[in-house]
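Just so it is clear, A, B, C and D label the chains in written order, and each chain counts residues from 1 on its own.
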């Protein structure tokens, strides 16, 4: 039993319930304060968990160094803070949660982003109002995401996976783009239908795994992986990969993503891009690789191929976007393509790269969506043509941050975005021995060109949005540059982007796969 | 006496009842057809009772029970028919389509159904 | 206030770099370990630093030039000075990182941060269209090259099983991997140093502030490619094929860009092409694969840094005081001799710089270029084809260089005797040819904040040739001088006749930009449209079709809801019958 | 003897039942129902189930048919023959019913084709009485409750005001 981990799961959910129970007259502002405090506590708790994890088992002491970190198989769970309870014995389902060095950073990212979103909501809320419900939903999402990252039982994983969907659907549907009610409804419906379909397929895969191995427990499955690369294991691998690929999303299953991101409110986009996409890649690393290694070998080249296509297609699609939020959403397709490629290589480098890119993408895209939301709030539209150019002159600080975030997102070395992409490419240069190397070399070269395309569309964004002749686009009087709450919210993201860019060993040391 | 005789009679009665329920327009005749079907069941019960002779007269008892049920059923059924008549001015089961799936899923306004029903009744009265 | 702070920080940092160079000079090569990280069993990298002679040399160059530029910028630039100075400082730090890095990844970080600073600084005047597009082009071309660079790091790092620069070159590596790795690194170098075929970004980067051009696009960043090859010389010497490629690239580049410089009509553009050409001379020296060649290349790097930075700063003075560095505008002042008279310091320093560039005996460029020629001659004498090719190309380039230097000098500062008072060869391009004479009375020297660096760099441009110990190969010196004179004479005679013929192919800079536009930019736009349409009409079409099929099906099922009890009953009876039949069929 | 009796009664029942579902006069159909039910009672008698036969006549003929006739009266059912007493689906319904009859008949013949009902010596009223009040007493009581519920239900349904319904409908119409 680990009280801390259970508390991380329970506290947000209970708070959400309390917020709903409270009378309607209860002020929205207080709700935001409550949400910020609670999610702040969760953040503290998750950081504590990480420190706890790094501490050797025998009492307080120094953090373990590089040499003593557990050397793990890719994605295999080495449980920490474990809780294992009977839950539904007839179905062989247990309430089994645990974390390890792969999931704790993601949990910290979750806690951080939700905390920042709540903090942001203190001052800046969607125009529709009803902040109390929004905060409650954010907290439910937090519970779901943390639960997914800590579930050891496959059915539990599925359950938490689903818990996230409905609140996010509501967030998009209720608080989405206030100018386009039909559009946001369509986006929300497409999102929920496609992801539910994906998770249904995934559940089918889980059932096949259970049929093959007789257990849903990832810990057991990690120690006794399902052998065989044909027949049922292959089918299970395809189903699981397909289900998670919808979430990730991998080309061509990404079609829900641009709409959902573009129509969601700022905090919704941030969580959607920063957290929800990670559920897919995390699932691939945690479930597909350790449980079905041989079947994954069979499908890995295809996974890599689709990821590569995602990189190129996502980047190309960005060129033709006229909506800043859609553009950033499409950029996520490209970046998740790098993560998919890293996973597909099944090599330590590729996997570390995928994991690092997960974190980095969460931070950077979170920041980008915050910025896009800020720009949208100030101009009441996210259409690039309506916003106009020369943002450098009108909103110099926000514009500067946008340039920073764009540079980070295009994978500038020295910022967090680089290491993940670099390691994914390195993994493709040297994939696992069982994979066809030439194929992956081709993927590497194409993905490398993809980084150039990524740079190109971000520069195009900067050129068309930040730069330009200010005489043609005069400053609007009411537009405020970088408010205090925005500064407060974004500083951690910027700081972490720089810190992780300069000191990647803060995370990489603990993903030392054999 | 061969057992199939009452059984076949029951089958015929039952199927006539089925036909009546499915084909008759008037709600009261539908109810009458129900009675036919119930009788077929009773016939079966009694026939099997006479065949098995279990000494408890199970079949006959159940037949009596079914007759009682039939009485209750016809009472309720006729009440419903009367309600239908008061609401629509006719007892035409074929024309009672309040539950029809409209465009947009909104049930039909009462007026249309009533008017149609009235014309049907008037036609019947005229002929 | 913030700007002042940043200026102090910037100048202070530059001085610190100089101090570090002074302190480190003569010290034994040493390495400093920093924590590293790794993934998997055998991929491990650290962020180690190292110092040796090469580091000290580059640190000195970077420190001096950036100090000059920082001081110069105080006088030169007034708007958005804070971000500008911060970026220049960041750039200096990145360059220092590149110089002291002992880890390929640390080097890559510095390498790319330099690129970003270059991008942001070129785009400093983001109101201007040419600055925006030039910045974007510069970043994209170098970024493209950097992908090759990254892959080169992969190949070499995995091949040598280390990412430490000091450990590269020793250990087993297959010849194929060595060639592939070095060629890929070379791609990065070619992009960064604007060599053929990625040379077009450098001239287009000229809309940036002149001090930036001096620091980034003349003295340091573009020379980082030379530094890198010099740093990894052991590895490159092993890979003969790569050196051949490098030699070919360098020779083609030096001639092509010198030819382009001959047709450029703006001071900074001439200088930019000349930078490309001079960098190619350094690469030519490196491509010889001899220690002499490396030495000559680095020597030329140092002298070039001083005189090219000087020239760009002079161009900056012209821009700052006159408002433009285009020949046509400058001619308007020159016609009345105003330019020389009003700005004597600028004139003198620029003359020294151009002299050094053209290889006037006694000035820095003369010695360093001759050392390259000499190294090539020695190599060629040993029977190397590369040596001959390099020798011939550098000599030809010397002549072309002298031509465009003299052309620039004469047209900018002197009245044409042939067409006294007329605009001469450039009037076709002049949008304001009909306008009255410019007001020359306001033309004067800038403040000493700007002139100081000029003088300092001019001293370097004049005297750095003697820093390496004077050893002149008289034969080589004679040949290059004669060639320079041969190059200078046509320029003089053309100027005297008031003519400036510019072949179309040179004016269009061999049409490479148009080719790239057609081969890369347009297809990418096409594919972008294709991708969006594909998403909308193909993939989205499937999704929408699924939705529509669901709606249609539900509409079909709605028809079953007749509201008629008897229909329902009929259906139920049919169902029962069917089930019974089915059960019978299954049972039998 | 009983077989012959049964056959005659059965034939009458069938004929009457056919008339019930085909007669074009509703009132006639109700009267034919009396005949059919009576004939079935005869069948019961032939099967030595006198008590059931009596109950059949009492309840069905005495009560139910009267109720039906009342209902016909209350709904102003015309006594003249109606042209459209069956729906358009009647041929289809006939086919369905026919197939069902075929199916059931085949099943019955296959299952019980060789079984015979042994003649019973005496009437069974005593047995039924004993069974009802000994073994089936609990269902019997439950049945009485059911009858009560049906009674109340019928009253509630017929007492319902029309105006309530139309109000509800119109108000729901407004909501939509």
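We adopt the following convention: a residue touches a chain if its C-beta (ideal position, glycine included) is under 8 Å from a C-beta of that chain, and two chains touch if they have at least 3 such contacts.
Everything numeric in this text was worked out from a predicted model, so none of it was measured.
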item: Subunit C reached from subunit B - shortest hop count over touching chains; value: 1
item: Closest chain to the centre of mass proxy, which here is the mean CA position; value: A
item: Where subunit B and subunit D are represented by their mean Cα positions, the distance between them in whole Å; value: 8
item: Distance between chain centroids, defined by C-alpha means - subunit A, subunit C (Å); value: 36
item: Cα-centroid distance, subunit A relative to subunit B, in whole angstrom; value: 62
item: Approximate Å spacing (C-alpha centroids) for the pair subunit C, subunit D; value: 100
item: Residues of subunit B touching at least two other chains; value: 18, 22-23, 94
item: For subunit C, residues that touch 2 or more chains besides their own; value: 566, 570, 573
item: Chains grouped in pairs wherever the two touch, ordered by label; value: A-C, B-C, B-D, C-D
item: Footprint of subunit B on subunit D - complex, ascending; value: 2-3, 6-7, 10, 13-14, 17-18, 20-21, 26, 29-30, 33, 36-37, 40, 43-44, 46-49, 51-52, 55-56, 59-60, 63-64, 67-68, 70-72, 74-75, 77-78, 80, 82-87, 89-90, 93-94, 96-98, 100-101, 104-105, 108-109, 112-113, 115-120, 124, 127-128, 130-132, 135-136, 139-140, 143, 146-147, 149-151, 153-155, 157-158, 160, 162, 165-166, 169-170, 172-173, 176
item: Residues of subunit C touching subunit B in the complex; value: 558-559, 561-566, 569-570, 573
item: Interface residues, subunit B side, partner subunit C - complex; value: 18, 21-23, 30, 93-94, 96-101, 108
item: Complex contacts: residues of subunit C adjacent to subunit A; value: 35-41, 43, 83, 105, 108-109, 111-113, 116, 119-120, 123, 126-127, 132-133, 135-136, 139-140, 143-144, 147, 150-151, 154-155, 158, 524-525, 527-532, 534-535, 539-540, 543, 547
item: Residue numbers on subunit D that touch subunit C, as the complex places them; value: 87, 89, 92-93, 96, 99-100, 103
